[in-house]
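You will see chain A twice below: alongside chain B first, and alongside chain C after that.
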Partner chain A sequence: MQTMTLSQTCVIAILQAIAVVIFIFVVVPLTTFAERKVIGYVQDRLGTTRVAGGRTGLTGALNRGMWSLGKVPVFSILRGLPVFIGDIIKLLVKEDIIPDKADRAIFMVAPAVSMIASVVVFAAISFYPGALFTFPRFVPIVGGLPFAGFLTDMNVGLLFILGVASVGVYGIVLGAWASNSKFPLLGGLRSAAQIVSYEVPLTLSLMVPVVLAGSLNFNEMTRRVATGMPIWAVPLLFVGFFIYFTCGFAETNRVPFDMPEAENELVAGFHTEYSGMRFGFFYLAEYINMIVASALASAFFLGGPFLLPFGLQSFVPASTPIIGGPSIIWYLLKIFFLLFTFIWVRATIPRYRYDQIMAIAWKYLIPFTLVDLVLAAAIRFTMP
Partner chain B sequence: MFKNEEMEINMGPQHPSTHGVLRLKLKLDGEVVTSCRPEIGYLHRGVEKICENKTFFQGQVWTDRMDYTSAVANNLGWAEAVEKLFGVTVPRRAQYVRTLLNEFNRISSHLLWLATHALDIGAMTVFLYAFREREAILDLFEAFCGARLTTTAFRIGGLREDLPPGFEKLARAFVARFPDCIDEYETLLTENRIWKKRTIGVGPLGAEDAIAMGVTGPVLRAAGVAYDIRKAFPYAAYAEMDFEVPTRPEADTYARYLVRMAELRQSHRIIQQCLDGLPEGPVMAKLPKVLKAEVNEIYHPTECPKGELGYYLVGEKGSANPYRFHVRGPSFINLQALPMMVKGSLVADVIATIGTLDVVLGEIDR
Partner chain C sequence: MNKYLKTLIPVDIAKGLALTGKHFMRVFTTANRRKVPLHVVSEYPEVPATVQPRFRGRLTMLKDEQGEVKCVCCLACEKICPTQVITIESGKKEGRKTRLPLRYDFEMERCIFCEFCVESCGFDAIILNHQFELAAYNREDFSIGMLGRSQNMFELTPVGQFSHAIRPEAKKD
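On to the complex of A and B.
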């Protein structure tokens, strides 16, 4: 690999950062759109249909030709897609209310804390272990250099992710406390207890692939967990996945663990007093956290860019065409499937009660993860 | 250095799941409720007093607006109470049609309860499934009397009009598919672990307490007391119907859920019998133009979907208005049990308990 000058490194890093931010802000609106549509279809209705329905609007412009041919246009199933643009405009132009008795400084900073914590995590997430493409020669400064599928390749990647992600709860707790109102206070206390409790089984379940792979580097872990596992590791990764994903629901405050914002009990939970884009930040943070949880689960348990999950890829020779090597397509498909699962679960099951949620974490998840972890360590001991 | 304080919190009148404008003054120790005091009256219109200044015919319109989710049942109680007061006999066909619509109303009211109760506990899909069927029932009401919610369905002495042509076909189509719909709701909830965890043992109200509080309806029957006015003091055509009164011994939220689901099936049975045995004949009794009461008083209980709905009417000699009108509303009296049921439970259980009592604020505040 050729050495890069400082300016080349900077330009590539900036371009990669922009690509990741674009990815986030494309996937988040698509997830909100999917949420409306998927829940709609689960509930025997159409979901959003009002924006750009047929001959008018944004997709209407694309569809007009097909309508004139007398055919139902391709975009008609995506009716309502531009609603997210409306959402963003609405959040941006809404009056930003700060309650009189609120602690102004903290009230204003809290949503940013949540948002930043969830975005920064992407610095250590790797979408593809290698170069996605090489810049053509004629591009100034960076011509001929590779554009990697990850931002940084730090050797403590997972540690960084866990550390940064756990800062997000401060946004919720501080925002709730600074609101100086009773329903947010209850929501904030609930979320502090819940997220701190679930951090334990979440981290422990991530230790299973760490122990099995013997590395904290994101790319190394993904590759070793996917391709270098003995057959006994498969059930352990399977169990680990379910524990991790369950905790993921709790960490992202999704049904059935959406205590902090349990709408029917606490009005809107910790963000009751927030409006406008400050509320939007909490909302975005929740969806970005969903992407993070899905990305980590796909990478460490479902084989990441390799096709087969739970280490089963180890039994497919790397020379097999198409499914043998890594591909960013597999990784994105897995992320999208897990995002779909978040929505699917929300439409299907009721909400646990606060004390039941705590009981699940401490009585069931933590002991199970510990057993899983000990077995993983034993397997690691027998591995060459 | 530290001191423990109880937090006083106002749940409502603006709150997503207090089913209207109910306000609860809760005292919380952490998340545990130490005291609960319902505050009502935000929707008070003075229905009872207004009805005293209206004729008996006009009064019925106001009964729609009490428990607006079971307007037909309210109308039936009013019509029968007034008929009792004047000794009017209603033709048999009208009795059957009234029973039929009353049971449709029971289904629609229970579906609304199921929808909101499940939504309160977080199962949002049941909400739309239940509303799908409720919509069909409201269409039936619309076909019968032109209104969907505030029906004013009956007239004193019978019905204004017979069933419209095509009504029976619509009703039979609904009856044919409804059992599958109940099964569908039950697959989502009855054996759902989270649903059971959230409802079993929540909001207990034993038979003795329930009777002492005057609680009636499904809440009482879920405590093991088989008291149903349709059986105890049959009215309309219920004496000729074959149905059971479902009860459960557990007296908790889950038992109330099971009782109401069983009642849906029983209502379906009654509707089927009404449709099959619908007699021919007139639907309106001969009445004088203006009803004049002899001094007389009457209390007429009916089994509203929520419990015992009693109308107390005092007639005045030579007057077309009631001298005194009083309603024994099931929601109002069932709500009294709420503080007792939620004491010592968690905030989330308060929501589940309000849902399981199935209160409608329009009737509580009147």
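On to the complex of A and C.
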């Protein structure tokens, strides 16, 4: 690889950052749309099939257009897709209300904290361990240089992710406190207790691939966990995946662990007093956290850009065509499947009681994860 | 120990996910491909909504094979109607043994859809059909008879005409 000048590095870094941000802000609205459709299908409904509005004007044209597209079987699933544009417009233009007795500064900062903490995590997530493509020669500054599938290649990438992701709870707690209202406050307190509890099994279950791979670098870990595992490590990674994913539900405040925004008890939980785009930030942060949890789970347990999950890729020679090498498509497919699972579980399992949630974390998940971790350490001891 | 194992291996959650997954795949794969849909809702204005067989909609008169109304003006329906919404003016026609209605007026505004008229009819000449789109803008549109366009009991209701017009099968005609 030729050495890059500073300006070339900056331009490529900015382009990569823009690509990642576009990825986030394309996937998040699509996930909200998928949520409507999937929950609809699970309940034998069709989900959203049209935009609100009459038969005339822009919405009418959209409705008629999507309806005529819907005759093709594939497009019939996408009918109602324009709704997500309406969602975004609604969030942007709704009136932004700040309560009189709220702590204005903290009230305004809290959604930003939540949002930033979830977006910054993508700095350390690697979508592909190498160059996605090389810029052609005629491109002005960066011609002939590779466009990597990751933003940074930190040697403590996982620590960075865990550290930044846990800042997100400050957004919730600060927003809840600054609202100066009892329902947000209760929601925020529950959220703090829940997230602090679930950080422990979450981090411990991520220690299993860390111990097995012997590295904290994202690319390094993904590669070693996927391709360099003995057969004994497969069940450990399998169990670790389910523990991590369960904790992921709690960390992202999704059903069945959506204690902070228990609708029937706490109005809307920590964002009761929020409206407009400030509420939108909390809303987006939840979905971005879902993407982060899915990305980490698929990278460290499901083999990341390699096809086979749970380290089974180690038994496929790297020279096999198509399934032997890494590909960004496998990684994105895994992320989308896990996002689908988030919605699928939401449509299936009712919310747990508060003491049950705490019991799951402290009485079951933590001991189980510790056993898993000790076994992983034993396997690491026998590995060359 | 058994209880502990049961908690650790979430069989019940797997069962629930399997059930919802089955329903998801069933509707997802057949949403717009089957003639008889597996989902329980219909995309109403574009796809006609189905109603139960016993549904009681708007009163209409049945016709025989020659296209003549079966009604013989016995006035049984007019007499039994609890809200007196039916008014019949009987008349004669060449070549027909029985009388036939010149006017058969039905004030849907006051109708309670009790179906007594249909039960009392000895000639199976009237039914309450399956039209449910009964809303209208004017009170006059609820006075339904044998003539006219929007008040004609043999035609679709005004809303029914609207939702029929936007259906794909209407464009073929």
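What we mean here is this: the second predicted complex is superposed on the first by the 360 of 384 C-alpha atoms of A that agree within 3 Å, B and C clash if a C-alpha of one lies under 4 Å from a C-alpha of the other, contacts with A are read in each partner's own complex, and residues count from 1 in each chain.
Here is the rule we use: a residue touches a chain if its C-beta (ideal position, glycine included) is under 8 Å from a C-beta of that chain, and two chains touch if they have at least 3 such contacts.
Because the structure is a prediction, the values reported are computed rather than measured.
For chain A, the partner touching the most residues, choosing from chain B and chain C, is B. When the two structures are aligned on the shared chain, A:Leu333 is found in touch with neither chain B nor chain C. Contacts of A:Leu375 after superposition: neither chain B nor chain C is touched. Of the two partner chains, chain B is the only one that A:Phe183 touches; chain C does not reach it. Legend: residue contacts after superposition of the two complexes on their common chain; A:Ile349 is shown touching both chain B and chain C.
Residue contacts after overlaying the shared chain place A:Leu159 against neither chain B nor chain C. In the overlay built on the shared chain, the residue A:Val42 is in contact with chain B and with chain C. Using the contact criterion defined above for the overlaid structures, shared-chain residue A:Met4 touches neither chain B nor chain C, since it reaches no partner. Put simply, chain A uses residues 42-45, 347-349 to touch chain B in one complex and chain C in the other. Partner chain A is touched in their complex by these residues of chain C: 7-8, 13, 16-17, 19-21, 23-24, 27-28, 31-33, 38-41, 43, 46, 166. Looking at the complex, you find that chain B touches chain A at residues 7, 9-10, 15-17, 28, 31, 118-125, 127-129, 132, 188, 192, 194-195, 197-198, 346-351.
Residue ranges of chain A in contact with chain C, taken from their complex: 38, 40-46, 49-50, 55, 67, 70-71, 73, 76-77, 344-345, 347-349, 364, 368. On the chain A side of its complex with chain B, the touching residues are 39, 42-45, 182-183, 185-186, 190, 255-256, 258, 262-267, 346-356.
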